[in-house]
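The data blocks that follow each hold one structure.
There are two complexes below, and they share chain A, which is joined by chain B in the first and by chain C in the second.
Moving on, here comes the complex of A and B:
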């Protein structure tokens, strides 16, 4: 059995954070922390060094786009999955341009989330 | 290793054969060339042997001639020594193989002559040379003049005897060696020719083999290309490849040109293909999206939600200079080669039909919802009353349409047209409210608002009436839908239970008692809206045998009278209580046939009656008459004012009052049927409107009705 990958959940909604935690495969991922703002996410990212990050885009203090830029400058190989409502496609594209690797549209079901996370770490070594 | 060569085996064998052949020919060439070179030395030295025989004879004679001259003798003797040694060494070398000197004094090695003719010449030469050589050796070795002369004479004798023979033999040797050399050269030529021939054959084999292979490959490629073309010509999608610079590839499906109005996309930038068709922002977002697909770390499957062109509406110019609206769906898929992202495959689908179908479904759904809403809105109404209402509505629409069609640019006529339309709409609204057909009432109210707005406009133009035509159109459509629904309902009810009381009555059937219930409802509704309490008591309505025309008119007048009674006469409950009246006001509507045959409708209320002072002050506000004149108006004169178009004493405009057209309509309708109106009012106590129509006012229709009944 392989060691589960460390996961950090970034979302200002408690409900969504819990939903993501429930939807992530327990054998494959272990949620090591969560953050409700971009600022908190950076601190947790530095401290916990997660393998995978799920990132909301609309958050207080620091939005997801800026947070992604920061995380990528800390670790250019950070695996970030944007989990956000699709209000504006250009914003989603900008998040990927900043370094995120995938986009999961809210609302999502657990299977979609699980599939997206697996796809995100498919070539992980 | 060998199996790894695969289809290249043949070429490897061919090339190896070619190299071996070339190496063999080259080796033979070298070998024979060296042999020829050796032969050339031999031929040369054999030729020199001929010359040496003659030089030896000459040296012998020179020695004799130099007798007495020591210097000459010495020279001749040296020459003899040299000639003799050279001939002897060379002959030995030809005979046994070995070294000798060439013309330059360099040492050369001669191989033993093995040819038959050569051997014969050498063996004979040796026999001749042996005594001759001995004689010369004596000359060289001789000391003293006498010995010299003697040995010289004997040598000259032998020379004279054998010289020519020796010369001939050396000549034979030379000729023989030349023949051998020629033979070698011939062999070399054969070998070269053979080698070159074989090389050419090998080359030709390789060439034909390759041409065959190339042809086969070409055919394969051609077949593959044809298959690809067939696929691209057949698929229903627009297909093309984009490279990293977002340039469109050379191959594309035929459908692509079809979708983009015949545009050849090959080699174009993606932006050139769709730039004119989509919004600049969408184009920019789409380009950024495609660029993401070229980034290996981005998961292609996880960004499809961000595709800005998954459904896009475009307008493509057509041949007639117009535009065709299409709905397209673009899908982008990565194309990798050897793990490297090379291209993005773009699949364009024309989803116009699907989009249209979806819209149609949506519209159908909306229509369904609307019909349900309509159904709810008419369910409470009596089918007979509803049918009459719809008929009245279409009549009113016809009249409005007629007014709208009147052509005139005169402001006065246009104002009159607006007034006439307003009266019709207001009347219609009143009837709708009475029947609680709220949707109709709302439509009509909005219609009224727009007419009011136009009435207040300083200048009117024909185009201003367009808005009203639109209102009319939507009212007609709505009414048609309701009619359709009402017909269905009626037939359904009829089919379910032919004896049911809810079936639709025909035009000539008498009205049932429930047909007047809406007036009671109207009284309740208007009271509620005005925050008043009023009760309507109907008398004689059900008993009076009247035809459709009379019914329509009675209905219309009753609605206006009842509404006016509630709005203008019945007081608010607290006010009534203060006056010692019952909180709930009473309105009595009575319909009766007088002994004279006249039809009489009276509406009586126990409200505050007519407020003449309010009418007077309103008359002053209008400014049509001067103050002194208004002050002098009698009650009778003031009463007549309420029948003027646009005159209302209501303080606020609402659904039930304030437009100032209710009494105006009443007056018009009464006049239309040669009726009379009587108003009696006692301030603070009551008010009564009584309308009387002549017995024959509806006669024509009565006859029709009779005939209808007989038939």
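Moving on, here comes the complex of A and C:
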């Protein structure tokens, strides 16, 4: 039996955080924490050392793009899946250039979330 | 505001409910209203817009619709906190999805959620808004667009 990967969920909406937690495969992922802003996410990331992070972009205090840069500077191997309603290509490219490994556009259903999370960790060793 | 611009938000509403609920959503014909008597139901999620377009986009809905929608997305907690979170998240999703058409310069704020109608801080009284009626199950709600180019 494999150990579930530790997941940190970052989104300013409690509903979305809970939706992601419900939709993530419990055998593959264990949610170890959540954060409602980029600032809180950095603190949780340092403390919890998650294997994967889901990241909203439009958040108070510090937006997701800036937060991605910070997380990557802490751990260049961080696996970050952006989960955002911002659906323009330029934002997606910017997030990937900052170090995100995937992009899931809101609104999403459980299958899209599951597929995106599996793709995020497919080469995880 | 062009028909094409309004269609972006109509598509956003349909896309949101399509991904969230098995029940079909219907959108009525958009109409103009004066901002001194804004369209509003019980709760309203407001997104401020800046960049080439300035103004606001909001989603307003009755408590019963939001409660039912929470259950439809699998959320069992239908307390006030979650209802207000949801109305903001719907507005955020519709406004954010509009960037697929308007691009990265279409800047959106985090949601502001109020009971009832937005104040004139979000809706300048000298402007008018387009109301897009939204019908889901037995409920009426609306997406309202107040933008100047």
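The working rule: the second predicted complex is superposed on the first by the 124 of 125 C-alpha atoms of A that agree within 3 Å, B and C clash if a C-alpha of one lies under 4 Å from a C-alpha of the other, contacts with A are read in each partner's own complex, and residues count from 1 in each chain.
As a convention for this text, a residue touches a chain if its C-beta (ideal position, glycine included) is under 8 Å from a C-beta of that chain, and two chains touch if they have at least 3 such contacts.
Since we're looking at a predicted model, the values are computed, not measured.
**Student:** Clash or fit: what happens to chain B and chain C when chain A is overlaid?
**Tutor:** Aligned on chain A, chain B and chain C fit with no clash.
**Student:** Between chain B (first) and chain C (second), which, if any, makes contact with A:118: first, second, both or neither?
**Tutor:** neither
**Student:** Does chain A have more residues touched by chain B or by chain C?
**Tutor:** After superposition, C is the partner touching more of chain A.
**Student:** After the superposition on A, what does A:96 contact: first (chain B), second (chain C), both or neither?
**Tutor:** It touches chain B, and chain C stays clear.
**Student:** Let me test your reading of the model: by the given contact rule, A:108 touches which partner, first (chain B), second (chain C), both or neither?
**Tutor:** So A:108 only meets chain C here.
**Student:** If we overlay the two complexes on their shared chain A, which of chain B and chain C does A:86 touch? Say first, second, both or neither.
**Tutor:** In the superposition, A:86 contacts both chain B and chain C.
**Student:** Tell me which partner A:15 touches in the superposition: chain B (first), chain C (second), both or neither.
**Tutor:** Second partner only, chain C.
**Student:** Between the centres of chain B and chain C, viewed from chain A's Cα centre, what angle do you get? Round it to the nearest 10 degrees, please.
**Tutor:** The three centres form an angle at chain A of 70 degrees.
**Student:** Touching A:46, do we find chain B (first), chain C (second), both, or neither?
**Tutor:** Once the two structures are laid over each other on A, A:46 reaches no partner at all.
**Student:** Rounded to the nearest angstrom, what is the minimum C-alpha distance from chain B to chain C in the superposition?
**Tutor:** Value for chain B versus chain C, nearest C-alpha atoms: 8 Å.
**Student:** Could you pull out which residues of chain A sit against chain B in one structure and against chain C in the other?
**Tutor:** After superposing on chain A, chain A residues 86, 90, 105 contact both chain B and chain C.
**Student:** Looking at the complex, which residues from chain C come into contact with chain A?
**Tutor:** Checking each residue of chain C against chain A gives 15-16, 18-20, 70, 73-75, 81-82, 85-86, 88-89, 92-100, 102-104, 106, 108-110.
**Student:** Looking at the complex, which residues from chain A come into contact with chain C?
**Tutor:** 12-16, 18-19, 22, 58-60, 84-88, 90-91, 94, 105-109
**Student:** Which residues of chain A touch chain B once you look at their complex with the stated criterion?
**Tutor:** My answer: residues 81, 86, 89-90, 92-93, 96-97, 101-105, 116, 119-120, 122.
**Student:** In the complex of these two chains, what residues of chain B are touching chain A?
**Tutor:** 281, 284-285, 288-289, 292, 297-299, 301-303, 305-308
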